[in-house]
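Take a look at the structures listed below.
There are two complexes below, and they share chain A, which is joined by chain B in the first and by chain C in the second.
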Partner chain A sequence: MKKKLLEVNDLKINFKTYAGIVQAVRGVSFELFEGETLAIVGESGSGKSVTSNAIMKLIPQPPGLYAGGEIKLEGRNLIPLTEKQMSKVRGNDIAMIFQDPMTALNPTMRIGRQITEVILKHQKISASEAKDRAIKLLDLVGIPMPEKRFKQFPHEFSGGMRQRVVIAIALAADPKLLIADEPTTALDVTIQAQILELMKDIQKKRGTSIIFITHDLGVVANVADRVAVMYAGQIVEYGTVNDIFYNPKHPYTWGLLGSMPDLKNNVKEELRTIPGSPPDLIHPPKGDAFAPRNEYAMAIDYEEEPPMFQVSETHFAKTWLLHPDAPAIEVPESISRRIEGYLKEAQGNG
Partner chain B sequence: MANKLLEVKNLKQYFGAAGNPIKAVDGISFDIYEGETLGLVGESGCGKSTTGRSIIRLYDITDGEILFKGKNIHGSKSKKELKEFNREMQMIFQDPYASLNPRMTAGEIIGEGFDIHGLYRNMKERRERIAELLEAVGLNREHANRYAHEFSGGQRQRIGIARALSLNPSFIIADEPISALDVSIQAQVVNLLKKLQRERNLTYLFIAHDLSMVKYISDRIAVMYRGKVVELGKSDEIYNNPIHPYTKSLLSAVPLPDPLTERVRERIPYSHEETEESGKLHEVLPAHFVYGTDNQMKKWTK
Partner chain C sequence: MLRYIFKRLVYILIALFIIITATFFLMKLAPGSPFASERDFPPQIEEQLNAKYGLDNPWYIQYKDYLVDTVSFDFGESMKYKGRSTNDIISESFPISLTLGIEAMILSIGLGIFLGVVAALYHNKFPDYLASTIAVLGISVPSFILAGLMQYFLAFKLDLFPVSGWKGFNYSILPALAIAITHAGFIAKLTRSSMLEQANSDYVKMARSKGLGKWSVVIRHSLRNALMPVITYLGPLTAGVVTGSFIIEQIFAIPGLGRHFVTSITNRDYTVIMGTTVFYSIILLFAVLVVDILYSVIDPRIKLKGAKK
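Right, the complex of A and B next:
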């Protein structure tokens, strides 16, 4: 059994606004093991970025508030830590890669100094040693001619190269946990593929655990070992990547899968959409937050919030459809057909 | 065979100093047939948006010819002809936040075209037309009095679509219309675009970098790279039988929502090689064109 690196228990984050208190994260629990990648997927406003920022303790207080729960890194709860203690955790234990490599770098500072700055802050080594390590890091993230690049400014790099620099900075202090918040959304597909390969490669070499936040299900299928699907500040389905893609149980997950065109089986039928829009989290709806958009919603969905039902040892879903008394509703036909096609092809390939 | 609605012939669009111009679009040719959707894909900076903007006359083109319904669109035009042209061709923009005037209501935004072209007899008819358009794109007539900030991203894109439809155009250029939207909202907008195309016999130029949606919505796809169309053909043909190495590379990078395939995915890298002689479009299979020199073509089609 792999060692547990991170454990998030019933995390609740609120934001105070003029309109009222926004319950951005409403009781999120998950765990992350060493060397694995957990993908968090969901629409904008589902709380996925707030969850990851909360782990880094980057929620500004006020207006933010840790309203409950705990975030345990190797058994130690991060929430009560002071800012001073936390700044040792950041970079050393947890590092973050942001969506926009254009704004994550300081435009007035040479790339080299932006990397050595992190190394020197966290380790007691000389400046020249730090430089050697920085050049090695640039080489590790696949930047050609690292000695020359070391002296350049961010504007001399392309978008993909800048994201590599951001990754190099994140890796500078050799963190155990890397949080990547939509790291490839701003990049072209070919560059995206290179960055994903790089992250997997680094994970293999260093055994880093990764939390990968994205709304692109193709990217999830590519990088994730396990997946948490978030909706309205809660995890609604949680399982291995195969559980989620080949045996999805939550109607919201069905909706997400259905909104992507089925390229492989070349079906040109109308895309399944999720009608409506996400709920207002100042007044979260009573019962299941997804009920108003759920074509399979039952009376109880408007009354009582569903618990996490266990589907298998690894697979959980928060929907009343899994209750033994619920009518048997299967995955919509268009999605099950697609999954069958995928699995058949995989068998064919051996 | 459907009629040609738009013909682009050797279009060149250069920017910057004449001595050392940036060749954003460097001699491309393609046709768009009535009622079809042509997808234009490529990485950022390949010239796909510039192509769209040149077609709708946002730029004065450097060289070449664009014919719309057989007429040169960049030729000198009287005010009346220009108005006529503007009615026929409309654009949907990428950013639904930036492309709507925040000081105008949805009704004013949609109705602005009516005022310019004088397309109503009285205010009642104008109101009615706006309501019809709102309903056609899946909004309510009550939404006419709201301002842009009161709508979500997906709803704003619907207003952008209603505005593009207001003059009853035959041709719509959609420049990355779904890139800024969430997956589930993307699907709603794509379904809407397809429905409107059926109902109104619209022709689309769909510009995007997301190959999976482009494949889904387009009848034919043109792949652009460094200001050139490197491959052009039926969507299925491009997807299943790509010939240009750049197209192959691009396709090999698109992740699919299928973990078993993703685990064995092998990306094909592409390195651009400059050639002495300039290439041209070769028709390798019926209606499937690939750009390259004769030598390259021999190598690729082997």
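Right, the complex of A and C next:
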């Protein structure tokens, strides 16, 4: 049995705005084991970035507020920690890879120093040792001529190279948990694949756990062990990659799968979209937040929030469709055809 | 870099030429003469005086003379203070103005950046309101009122500083403060807003996610990037300190250059006008050049045109 690294229980994050209190994260729970990758998927505004920032306690307070729940890293709850205690956790135990490598690096500081300052902050080693380690890290993330690159400024790097530098910085103090907030969104597709390969490679070498935030299900299938689908500040479906891709239960997950272009599986219909837009989280709707956009919504969806139903040992979904009394609703035909395709492909690959 | 500086030096020469020409014609257009304030004297004496200083020549000869004087950096004898050359006046009083100016600039930059950083760090909390209030007061209260108030309270009532004069470092504190506070207010406002802008940027968040403390993030990361607008302000700041010092020098009875700069105009002291104008112009033009070079020092993305790595 693998060791549990991170446990998030019923996390609630609110933001105070002039319009009212935005309930950005409404009771999120998940756990992460050592060496595992958890992907958090959802559309813009679903609370995935807030969740990831909350784990590092990077939510500015005010306007942010930890309204409840706990974040346990190796059994220690991070929420009551002071800024000073937290600064020993950040970078050292948990590190973050940001979305846009063009803005994540300080434009006026040499790359080398941006790496060594993390090492020097968290480890008691000399500046020259830190430099050696930084150069090794640059080499590890695949930057050619690391000694020369060490002395350069961010504007002398391309986007993909900068993201590699950001990853090197995140790895500098050898963290146990890496939070990657849409690390490939700002990169073009060929570079995306390289960065994903690099992250998988690093995970294999170092046994780092990764939380991978993304809105791209294609990326998820590639990197994740487990997937949490978020909608309106809550996790609506949670399971292994196989659970989510081969046996999705939540209509929102169907919608996400259906809105992914699929060139292989003979899906001859137009690309599906999920109608409507996410609910206003200042006044979260009564009942299931997804109900107004859900073509399978039942009367109860507008009345009462569904609980997490357990589908299998690893698979949970938050929809009334799983209630024993609910009418049996089959996965839409176009989705099921995709799933068959995925399964065949998986078998083909062995 | 050298090529760039050379190019800029050529521009400075062109600018100087234009300034000299404009000053010369403005001077000639203004009615009166250097000797107009003297007691009435017979026209023969005036003719003699005009001949002595070359004022009887046609304007183009005079213009040429001024240009030659300027190029040789010998502005000739003052027309008002007999027997004193303009160069003497400048070399005597400029070091005083320079000391005062440098002190004022250090004070305004130091104080301004400090207030701005504090205000940004404690955004919308008490220290922010306090710093912003000080900044707004500094901007809106004219320096001569401030000078008077400081003289009365700090010097006369509390006896902390000398009221006026110029006999040592102690004497320079109040006038330097009086010049500095307005500019410090501007710099504080600039620093605050650009620090707040930087605080929302990704790389500051990244620096925080590295586990750096609040102050290391500010000093190592956000401040340097936030300083760009402040650097831009350094040009006008130099001009403001140089010209603003005139009033303050009057109030504190400081024998600086600012006084000569202004009185020479009312006296129609042509040689001194030309000397001080050219001198101030050189300082300001070089200040602007230094600011432009500072940009590329602070931000490596800015490459000076014509500069080679």
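As a working rule, the second predicted complex is superposed on the first by the 344 of 350 C-alpha atoms of A that agree within 3 Å, B and C clash if a C-alpha of one lies under 4 Å from a C-alpha of the other, contacts with A are read in each partner's own complex, and residues count from 1 in each chain.
Just so it is clear, a contact is a pair of C-beta atoms (placed from the backbone, for glycine too) under 8 Å apart; a residue touches a chain by one contact, two chains touch by 3 or more.
Just so we're clear, the structure is a prediction, and the values are computed from it rather than from any experiment.
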So, after the overlay on chain A, do chain B and chain C clash or fit? They fit
Comparing chain B and chain C in the superposed model, the one touching more of chain A is B
Original post:
Given the touch rule stated above, what does A:K72 touch, chain B (first), chain C (second), both, or neither?
Top reply: neither
Could you look at A:A346 and tell me whether it touches chain B, chain C, both or neither (first, second, both, neither)? first
Classify the contacts of A:K200 with the two partner chains as first (chain B alone), second (chain C alone), both, or neither.
-> neither
So, A:M56: does it touch chain B (first), chain C (second), both, or neither?
-> second
- So, A:R337: does it touch chain B (first), chain C (second), both, or neither? neither
Should A:L271 be classified as contacting the first partner (chain B), the second (chain C), both, or neither? first
| said: Tell me the contact category for A:D188 with respect to chain B and chain C: first, second, both or neither. | reply: first
Inquiry  = I'd like to know which partner A:L217 touches here: chain B for first, chain C for second, both or neither.
reply    = first
Closest CA approach of chain B to chain C after superposing, in angstrom, is 15
Residue set of chain B touching chain A in the complex reads 43-44, 152-154, 182-188, 190-191, 194, 209-213, 215-216, 236, 239, 249-250, 252-262, 264-265, 267, 270
Within their complex, chain A touches chain B through residues 43-44, 159, 188-194, 196-197, 215-222, 224, 241-242, 245-246, 255-261, 263-264, 266, 268, 270-274, 277, 342-343, 345-346, 349
Contacts from chain A onto chain C in the complex sit at residues 56, 58, 83-84, 87-92, 95-96, 98-100, 103-109, 117-118, 121-122, 153, 155, 166, 169, 173
Seen from chain C, its contact residues with chain A in the complex are 201-203, 205-214, 220-221, 224-225, 298-301
